[in-house]
Amino acid sequence: MCLAIPGKITTIESKYDGLVQVAKVSFGGIIKEASLEMVPHAKVDDYVLVHVGVAISVVDEAEARQTFKYLEQMGEVAEELNIHGFLPDQKEYS
Amino acid sequence: MCLAIPGKITTIESKYDGLVQVAKVSFGGIIKEASLEMVPHAKVDDYVLVHVGVAISVVDEAEARQTFKYLEQMGEVAEELNIHGFLPDQKEYS
Amino acid sequence: MQLQCPMPKLDFEVITLGHGSGGLLTNRLLDSGVFEVLKNDILDKRHDGATLNLSGPTAFTTDSFVISPIFFPGGNIGELAVNGTVNDLAMCGALPEYLSLSFILEEGLPVKQFWEVLVGVKVACELAGVQVVTGDTKVVEKGKGDKVFINTTGVGRLHPRAQIDVNRVQPGDQIIVSGQLATHGMAIMSVREGLEFETTIESDSCNLNHAVRALLDAFGPDIHLLRDPTRGGVATVLTEIARDTGLGVNLQQRQLPIDPQVAGACEMLGLDPLYVANEGLFIAVVAAEKADEALAMMREQPYCENAAIIGEVTTDHPRKTVLTSSIGGKRVVNMLTGEQLPRIC
Amino acid sequence: MQLQCPMPKLDFEVITLGHGSGGLLTNRLLDSGVFEVLKNDILDKRHDGATLNLSGPTAFTTDSFVISPIFFPGGNIGELAVNGTVNDLAMCGALPEYLSLSFILEEGLPVKQFWEVLVGVKVACELAGVQVVTGDTKVVEKGKGDKVFINTTGVGRLHPRAQIDVNRVQPGDQIIVSGQLATHGMAIMSVREGLEFETTIESDSCNLNHAVRALLDAFGPDIHLLRDPTRGGVATVLTEIARDTGLGVNLQQRQLPIDPQVAGACEMLGLDPLYVANEGLFIAVVAAEKADEALAMMREQPYCENAAIIGEVTTDHPRKTVLTSSIGGKRVVNMLTGEQLPRIC
Amino acid sequence: MKFLSEYRDPEVARQYLDEIRKTITRPWTIMEVCGGQTHSLVKNGILDMLPDEVRMVHGPGCPVCVTPLNLIDKAVYLAEEKNVILCSFGDMLRVPGSEKSLLEAKANGADIRILYSPLEAVNIARDNPDREVVFFAVGFETTAPANALSVVHADRYELKNYSILTSHVLVPPAIEAVMDDEATQIEGFLAAGHVCTIMGISEYYPLVDKYKVPIVVTGFEPVDLLQGILMTVKQLENGEHKLENQYARMVRPEGNPHAIKTLEEVFDITDRMWRGIGVIPGSGYELKAKYAAYDARLKFDVNIPEAPESDSCIAGEVMKGIKKPFECPNFGKACKPETPLGAPMVSSEGACAAYYHFSGMLEELETVQP
Amino acid sequence: MKFLSEYRDPEVARQYLDEIRKTITRPWTIMEVCGGQTHSLVKNGILDMLPDEVRMVHGPGCPVCVTPLNLIDKAVYLAEEKNVILCSFGDMLRVPGSEKSLLEAKANGADIRILYSPLEAVNIARDNPDREVVFFAVGFETTAPANALSVVHADRYELKNYSILTSHVLVPPAIEAVMDDEATQIEGFLAAGHVCTIMGISEYYPLVDKYKVPIVVTGFEPVDLLQGILMTVKQLENGEHKLENQYARMVRPEGNPHAIKTLEEVFDITDRMWRGIGVIPGSGYELKAKYAAYDARLKFDVNIPEAPESDSCIAGEVMKGIKKPFECPNFGKACKPETPLGAPMVSSEGACAAYYHFSGMLEELETVQP
């Protein structure tokens, strides 16, 4: 449960005398600050899952492809689908 | 200095377990409460001079006429002036 | 006059932000509240705006009403908002026809109070003979408003005989006030915290359009100017006339009609009734030769029984209003500086 | 566009109650502020109202603007107040001409901020080609308002070819939205305390009257309905259309134009862009056979480059709006219940 | 209204004016001490009605005007910094402090309430036990008993959250200060009727003797003022200097003993700074030690530096009757009620403000805004 | 947006649907535990797209819905009576307490602030040292680390004016409660992906063994849900009951060790009352004794009597998947999002509210106001 969405780390900085690492995370271009205290190993350009201002997981890109490979493995995915790219943002939302 | 106007006591009551006497005072018909602590001898129908919610003097009606008698004594007041009556309130104000 | 308008049963007792969200709650409030009470063919269309058939010269005026308290002796903010704009239209020499009505409600307002205000709007519209044809409702957070603010904006065709124009004011013109000064302002003041009286003064807020119409029917172009001395009072309107005409105004203190209670309240608080706000009062600047006749007929109009000639226009002291005091002295009357505050000394 | 409008030197730095008293301070604020900035022949008359020459069917609409903060990325409340009413007139199929402008200022407002809002009004009026012809200024005590509230009420003649009427909506009609959804609402949300983003979203508040005029010039009666989906968002407007026509609306999620940043902000806060407020956006319901042509010409109008067909009117599910989701599922779209609040779960 | 309307009668006023004209043979300079009298003279257009020989000059008797800048700064400080409910009479609110007026502090969010009576402030303190309530207690002898009474009430109810910020001033020392100024040309006084309602008239016998000037205790209505002026002129023409009481309908010779007792119970006499004039010895009241708990100055740690007054303001000379307001180069130009440079422009009872608002001499002023 | 858009692709969704249709041979009842998943299923119209054989039932996984009435009353009380700045996530505000919701308390003047993050609440406490700041800390395992972190931050800054009112609930005990109900017909579970991001998957092995049901840890996007359903159906058709992880891009088997460490540092496991269900043993978090100073319940003397729930609400059955929302006689009639009778109608993630807002089954409801 609990709304969490993946975004890309653009910068990382220390706050409060180095006590806390925080990242600027981009969600479709909009930037929000997130605490990295739960994912101290996260790096710039990583995608992190952010929930209520705290990054709680680093996206595993290889695993992310599995959802599409799962069907492929079952011989179901047409090659031309190009699911690894992104759909234009305008078209996918609401 | 200090704005004070005369009004007529319509009722007197005790407040705070009889500690304080307060009067309802009418100024041209509008009623405002005033403390009688400075004029404990004031009675209903007396005119009192009220300043910031406190009655500070009981009008001496005989003395009030003196302003008009003063001129009379100097032989200056025409008899027909009837200054002891009141001018209609509508006409005298601003 | 108070119409029978039982409040509908609603799911909510106080106004919340959701009622201003534009969504379902807004629609419910409007459906069972505003639209129901103010029902008319144009309003029923419920578009983003109303479509009116207007032709020829049309007056257009706006006012926002922010009075506190919203219920006061003799009225409420709803009546006031209708009367204020109806009267401003009348002051243009127009026949008020249509109003817009826009609410800014504070979160937490009891719906019952909103209902009473709405009924005030309805009653005042019926008395004035105008229709609310379009509106808006916003809700602001608690502490970001003051229960109810109302904007009304009105349109109405000019009376065919009206030639209201400050440039038509002539030396010798008589200044008629339609009733007693300062009643409304002191009605509000008398219920303010820290200043309350034991007796209440009733506001004389009312619609003046029927009286103005009668005046224009009878005297047309001899009515040179109409003004309602609301905020800033009679003094401010007269100084504005002096400023805008370049002529002088003579004012007679002894002619100013004022209720004894209101006078008493003003004395007590050290307020000058010339500067106290009015609603339900207007000033007509009338050609000298028609002034007595106009006064006589005004006194027969609703809400105008205390009408009086209080002064005249003069060339004597250009751009100035000069008051002759009750003992016959003269002094200049200026515009109100800042807000009127009760004096003690 | 930002005009060169240097602020006049005034004796005061903040607005006090005296500026709303109707007296001298009110006059100063108006003289050196409002009247100077918004100068035009009608306003210069300074009567209780303006006199306009109107003829034929005229649209009349009102809105109060209570946005917080009053300055936001991409605009301020002054621009918004002009655009909002200009757009509501346009939605009636009218050509906006005249506005009234009524301020409710909170005591303590820096005069400089008032000035900036005024300049916003002026700029927006010039862009839209409308005039402020009458107005009002009230000041409320600190804590009884929220810096600036503005009511604008507008009038304008109907476009001669306009036949905007909810009853003209037909099955098969295409629903065109003039630009990207939710931009304005998220621009405001993104600067709210506790929800701030590091980057700002710029409001797309703008005047739509020129685009609407071009559309009506070209397509006249084939434009069946115009609506601006402000509070309550696109969802509320579409459900209102379904309610008022008795027809159904089909909506395609994948067709909804939305800026990626705005989409990101909505995802983060758990808000549905269909319910987020817009300014600078309109919905046109267009006869099926003209829809593609209308879309093509709309895309050439100012502020409409992202216009898109997002759905159509249908007899399938009377009185309901049904959305086809991005994966092809269907669900009902209802009116917004209450205020939209950010979700976490 | 009875006891008010009669004293605004034009016919009686005309007769008094005639009598003054008949009596006077040469110019006399008379000061009305009280701002309320100044207000009434100007508002009723009396100055222009008087024969030229009567030269009225206007005294320092406006308590709002003479309240020191520093005290206003203190009131603002309490309201803004100490989260106090500051209660005040309405006319104090517009008076500028060195940085801002109470009205501006209120505009910026301070909780400042306008009251008709100090007794209301005690009620507010009772209704708000979690807040500190401070009453800004200004005034001459007329107002001091009411302010004192508020302390007595607070004490009776054992309120711990009520205090007053006092700026009480006294009339007789001010008359002495005026007469002791070597530039003074004053030959007679209208003493302030309402002050004498409280204090009686005996304080003025020594002054009559010391300065050899007539003093007439006078009321506030037009006819009162005209009678007071006539009585003063008569004495002057007769070469007399007596204490007379025009206002006997309100003023007993002994004053109001209950009020005096209350004052003695609550206050001590102290030196006091008068804005525009300076410190006058023994010219004010402060709370007695036994009521120290109700003294806002002691209760709160208020330490505001003295701010300088405008040096182009001639308030001292105006308030001592040496110069008229329109003789000040700032009058109506840099100095207006909205932007006063000095004390007498701040309240409508101040001489400069009274002239500004009502006087027919304002040919050059912005009577209305162009 | 990357890692979001791909999982909303209609073609991939179609293929998963086809595969489900090909795989399934008989009806299966599957519960998605999480309200976020319910919301996504309904909002994307997936329920109607699935073959009839897939019977989705909706779990108790909406933390807003299961927060007890009494706790909402406490939050209202703190905000109204204790002059507290009460901070909360937005979706808690509309939930009715026994007398009013936080939104209504706010409408009546309480200082209630909607935040995106509990860490913001700590900043508010730092900026308002004179006020007490209470964060209403609701949530499942996903949210608990952030709430715990706020306490760690407050402790680090030595804030004395920050506390949290906790209502943390845990998923595995809820699954047990659902399965232990004798009326249950559930044959498989989609476990909540974001919860497992924190806790990992090991907690679910005992459940798979105990109840012999497939459990598939699943994400929230349409394609995630379809894949999770397919994986569950496959197990069911094959007679298997395994723990699988559809959401491996976010969920490590071991979870997030930093988050778990923070939870262990700050919280103890406790019995917890679930609105609509009752007390579930070991199903919640409370602050450890060492952080007692940050526990709003201990810090403030809050003693609110338990209010009775509506007895015509069948929330317990709905949240255990025994009945569908529209099988409740109140649904859409007496019970609507504006006037909810029970837990699942209060948040848009509650099953009743999700159905009310989005479902195509609402033939009889007021979809738009006439």
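Order as written gives the chain letters A, B, C, D, E and F; numbering starts at 1 within each chain.
Rule of thumb we're sticking to: contacts are C-beta pairs under 8 Å (C-beta built on N, C-alpha and C of every residue); 3 or more make two chains touch, one makes a residue touch a chain.
Note that the coordinates shown come from a computational prediction; the quantities given were computed from them, not determined experimentally.
Common neighbours of subunit B and subunit F, by the contact definition above: C.
Shared contact partners of subunit A and subunit D, listed by label: F. Set side by side, the interfaces D-E and A-F show unequal numbers of C-beta pairs in contact, with more at A-F. Ranked by distance of CA centroids from subunit F, the top chain is B.
Here the CA centre of subunit C is 37 Å from the CA centre of subunit E. Subunit C and subunit F have centres, each the mean of its CA atoms, that are 55 Å apart.
For subunit D, residues that reach two or more other chains under the stated contact definition are 16-18, 24-25, 27, 141, 143, 240, 254, 260, 263-264, 267-268, 270, 323, 325-326, 334-335, 337-339, 343-345.
Counting partner chains per residue, subunit A shows two or more touched chains at residues 1-3, 5, 7, 27-28, 32, 51-52, 89, 92. In subunit F, 1, 4, 8-9, 35-36, 62-63, 89, 103, 116, 120, 139-140, 142-143, 223, 338, 349, 369 are the positions where the chain touches two or more neighbouring chains simultaneously. The chain pairs satisfying the stated touch condition come to A-D, A-F, B-C, B-E, C-D, C-E, C-F, D-E, D-F.
By the touch rule above, subunit D contacts subunit E in their complex via residues 11-12, 14-18, 24-25, 27-28, 31, 107-108, 141-143. Across the interface of their complex, subunit D is touched by residues 103-104, 106-109, 338-339, 369 of subunit E. Residues of subunit A that touch subunit D in their complex: 1-3, 5, 7, 24, 26-33, 50-52, 89-94.
By the touch criterion given at the top, residues 1, 4, 8-10, 13-14, 35-36, 42-49, 62-64, 87, 89-91, 93-94, 103, 113-116, 120, 124, 139-140, 142-143, 222-223, 336-338, 347-349, 356-360, 362, 367-370 of subunit F touch subunit D in their complex. If you check the complex, the residues on subunit B that touch subunit E are 1-8, 16, 19-20, 27-28, 35, 37-40, 47, 49, 51-54, 56-57, 59-61, 63-64, 66-68, 70-71, 74, 76-77, 81, 83-84, 86-87, 89, 92.
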